[in-house]
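Labels run A, B, C, D, E and F following the written order; every chain starts at residue 1.
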């Protein structure tokens, strides 16, 4: 562990856990929909939250490589949105 | 409960979920997803094993998992291609069950 | 606190997995599976496997998601009825499936928890003898040094998956993500996004490739990033599917494997054995191989997504 | 606790709060557009706060720079994603079909 | 640095692989002769490996110079050498046959060659590798080359068969890998024999062994995990069918034997042995009965594969019986060789029928024999071996299994062997009688539409003759097999 | 060098037949003259080699070829007197049958396949004759099944295929029993060469495990009984009548049924030994079965209107005399049985040749349509008459000799009931053969026969073989006392090989 105190590490982990909880709560939207876009939206939220969690973990676990992971995630986050928008729309409610 | 133990258990449960998906669902895409779940379970188990002893991370399971991920993504991509062609050719999104 | 996080993560993983399997809508399952990939990346991070987290991020966020979405599109169920949920299974069938998977969970969990960590292991020896491999990152040492044959075979697996996908290829028009929706132009922000993301991605890939020798990263992660960029370019129409594999593409597809094999076989003469590197040259050779492999990983993955034999830049 | 640490803690808490807002919005807002707004804005603010908070903990400028890069990229990605999604929702509604200039 | 074995071991993997890459690089037009050269080179490497094993005993090659558990070991004992040699013979025939079969089919040829050659490399790797994880990668390589070959026809039936095959094969690989993960978790090594020494017979090892075995049994299409095989193997183009039945499915059986005898001998209690042997016996009987019910030639042969793959498993209950072990071991190993050659010959001959007539319905084969006499002869000759009648390798293999079972006092297995032979005769003669039948009145139905290239006519015949050559004496092969055999079986 | 080659004569004789088959297959259907040449050359060369071996054995030479097939298991060809008895029969009749078959199949299709399998069939028979141990016997026995199947279904029509199926079900079933029995024997005692009087190892084993030894003997005998057409396993033989006449001749006189009967001899005398078989209570069962078969076959023959079917049931009956001779025990009965091996072959091959001639020349195969055929085909009918009388056991023909020895031998063993069987058989034989002779010679033709094509009554290739074999039937009876007659040879075999009986 790094020279920084135990408290900071715990704090980071706690925030990470909170964010994770937040993320899992967001799953409700995937579940409820109603449209495909809503579900994708939720997935995008997961992406951002995951980035934040990774940054926190990088600090808490003293694994700087995790920042690279976060970087990679944000870099590629747009791909999903692009892929999604190329899926032909169907009438509301169909894209469950 | 140690961290490795926790993830070991999670991996076991994940494997069970994957197998259940394979047994209970017929849609090809779902089955491919289930296979991937099973794959993730195996990988998780390996990485949990690598972390069992304090202060030491076994690189060999990591190498196995990295190789496994490549194999899994290759197989998934091919399976999806095959499923699409099958669907295009037959209009079926599942395999006709021939026995039970 | 760490354990609390882990508990939450493991619970989330399992909950997501359950929903992937049990949810009624297929699209929902696909999205949940993509989300599951993110949680897996977190799990790798928690288990001190940043390499795997990198790979998962590149593959899960970039490739698998795009692949699944485009396959979902191709397999559009005409109506919900086409996909009977688990309820459609006869009750005894669902029960039997549940019992079987439950038994697997119990047996696996019992066996896995009951295993004592061995005192000596291949991993410990790998760490102890990492110096002999010519690189500083344990994972790269294992992948390209001690167990190089696995890595070689793994890249061949990718090539074979591409060849296999060619066998079952759909017509060019329907392949991969398919044609863009008719009548819609390109969204305004696409071009600037690409101008930013693509060069960044190439730089990141190069960085990962270079850093593989001493820290997390390496050929596979770099290749996955490049493949993700390829997917992006294919999605935005900058790359167009082509009916034939050009000679350059063929060379790129097999070049890495040939290079790896050639250096490996040469090892029988220049070093101690096949797939051994001469000591002084180990690092540069490994770097050369990794570069070739990154291309040999990126191109087939992109082609697999594209569903075509080749790719061409869009005519401007 | 040093000032930096205090500040960092505060920023992390603020970030978490933003994320929470986003999620609540995602779950509670009635329309897809409203959810889109809530989410993309709140989340990215949250990420920014977290990144800033972590930058305060960081030892080196490199780390801080990387954190900034991450945030910047996240903003770009979110902008693009939100734009694409909005367009696609619009079309899904069978509404305005615009060709770009 | 460990002592290095024969270079021919890695070459047996690398040569077909590089040939495949070259064939892909240069395209379909150059592929046949490239494949020919590569095949001959591979055969030379295999011959050298076999010679070394025969002369000096088991050969180990530490890739990269890293001794296990650190590195991956290629290990050729008598069993592996025998498998390599059989594979080389079948592969040579498949390569020669495919050159003529695919002539003029640009796209199919372009796709076939690299896939097939990689498959050969992966099979050699499977037989040689002594590393459990490397085996996983090789198995996946085999699967991912096999499935496209099944799907090649591109019609409903073949795509469905390929899809089912792929899904099950992926599950099988993952089950195997799950077992391997447990084994590594318990022993810290992936090396086959080290695992055997360290794993012991505890509960976790049993779970691991069960998972590994379930995966491999699925790959080997052992009852009740057999359902995928017949549609898959009968949909593929003839050269691929031959390779799938003779080599790919048998690789699964080979690994079952390899793992139980080398990695889990401690677990091989009578109950386990009887269980696995019982599955083998069920395969023999079920596959044969299904073969009797088919109305097309290729499915008959494919179900016969299901049946024949069951025989080698009969070794497992016998391996623990001292009086039976040695003979049963020889019988099982020789059986794999005999079945490989005969089945490849049968599938290639069936391919000739299909090539000539455009169909393989049994009802439409009446009066066929005069026109396709060489192919029908090859089919008949191969079938004699599948029935286990003299003077074929199949007979000698069955004799060893049978007398092993009887010497060990385990007569139920003997009954299975005898019954299986009778059933094989039943479905075999059903086909041959049709081919011998006079053309029905009103003109022959089975008149060839297409002339057969001589290479396609000759290849199955040569394979069938090889079965007879091996039927003249099994002594050299069994002497080779004795190199590095487990002590209990030697 | 010469000496080494001399020792390899059994192998050479075997390979000649195999090579003939291969050449004939390779020649294809079109090249008739070359095929005929090779057929005759192969048959002739083999006969010469077998006769050389027979002479050598008389001189006291031994011919033995052993080849390791599996660890501890050899393919062993050994020419003892008993082996040569059968080998000479098969080689001699092969030549004759080949001549006949060439003429008979003139112009029909698929001749390459036919003659190829014909040669293979003879190779298998020769291997059975010279087999030096049970494993070798088993190999050639199964090979014989395979080689004869295409001959049985040769014509390819549904009846032929049905007959082929019946044939296969019986012979493969029998083969399976023999395989199981042989494997069990090997598992119990390992490999031993045939030993006149029984293998000592088998005797030891039987002393320890009499039940197992009995079961194995039952399996072995059950396996060969199928081919020997022993009741109740005789069903295939009449069915196989659909095959062309030369095939029937081959199946009935030389190859299949004889292989079965010969197997009975080998198993009872050279594997277990008669004494042990009797001790295990197997020989009484065997002789009872043989007796039942003798009577049953004759009774069934009475009811047949088709000439070949009547001959087929006659075979069922007559072949069992060999088994009977073995089972009864004693030197004289065995001599009778062994002599009958040859005699029945000569007689039955003549009868089938003649039946084939009637069918081929006159187009008739029903007995009631042969009225007056003797005038149209006097030579054929004369040969038929000789053979039929021989079958009935009329002195001084061959059949009489064997039945005489059987009867005397049985009396010597105190089994007088066998004489009763013999008498019954003779009466029944007369009952089904004499009406045929009456029709041939005494009744006048009810229709016009097809005109003669040349000077002879039928194709020369069809005519000479039955004349030759009929002459042999006559000579074997007349010159039975000669040292080289079948009887003389049988006596030598028994005197020198089985003095203890």
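One rule holds in what follows: contacts are C-beta pairs under 8 Å (C-beta built on N, C-alpha and C of every residue); 3 or more make two chains touch, one makes a residue touch a chain.
In this text the structure is predicted, and so the values were computed from the model without any measurement.
Hopping across touching chains, the smallest step count from subunit D to subunit E is 2.
Note on connectivity: the fewest steps through touching chains from subunit B to subunit C is 1. Set against the Cα centre of subunit C, the chain with the most distant centre is F. When the interfaces A-C and C-D are ranked by C-beta pairs in contact, the top one is A-C. Averaged C-alpha coordinates give centres for subunit E and subunit F that are 42 Å from one another.
We define each chain's centre as the mean of its Cα atoms; on that basis subunit D and subunit F are separated by 97 Å. The geometric centre of subunit A is 10 Å away from that of subunit D, both derived from CA atoms. One inter-chain figure worth recording: subunit B and subunit E are separated by 27 Å, centre to centre, where each centre is the mean of the chain's CA atoms.
Among the residues of subunit C, those touching two or more other chains are numbered 2, 26, 46, 48, 51, 72, 108, 112, 115, 117, 121-124, 126, 147, 150, 154, 157, 160-161, 164-165, 168, 181, 187, 190, 193, 197, 200.
The residues of subunit D that reach two or more other chains are 73, 76, 80, 84, 87, 91, listed in rising order.
Residue positions 133, 137, 140, 144, 147-148, 151, 154, 159, 162, 178, 182, 184-185, 190 of subunit E each touch two or more of the other chains. Across the assembly, chains come into contact as A-C, A-D, B-C, B-E, C-D, C-E, E-F.
Of all residues in subunit A, only 4, 7-8, 11-12, 15, 18-19, 22-23, 25-26, 28-29, 35-38, 40-42, 44-45, 47-49, 51-52, 55-56, 58-59, 64, 67, 70-71, 74-75, 77-78, 80-82, 84-85, 89, 92 touch subunit D in the complex they form.
Residues of subunit E that touch subunit F in their complex: 330, 367, 369-370, 373, 377, 384, 389-391, 395-396, 399-400, 402-404, 406-407, 414, 418, 421-422, 425, 429, 433, 436-438, 472-475, 478. Interface of subunit F with subunit E (complex): residues 25, 28-29, 67-71, 73, 109-110, 113, 138-140, 142-143, 145-146, 149-150, 153, 155-158, 161, 164-165, 168, 172-173, 175-176, 179-180, 183-184, 186-188.
Chain contact summary for the complex, subunit D toward subunit A: residues 1, 5, 8-9, 12-13, 15-16, 19-20, 22-23, 26-27, 32, 35-36, 39-40, 43-44, 46-47, 50-51, 54, 57-58, 63, 66-67, 69-70, 73-74, 76-78, 80-81, 84-85, 87-89, 91-93. Taken together, the subunit E residues at the contact with subunit B in this complex read 133, 136-137, 140, 143-144, 147-148, 151, 154-156, 159-160, 162-164, 166-167, 170-171, 174, 177-178, 181-182, 184-185, 190, 227.
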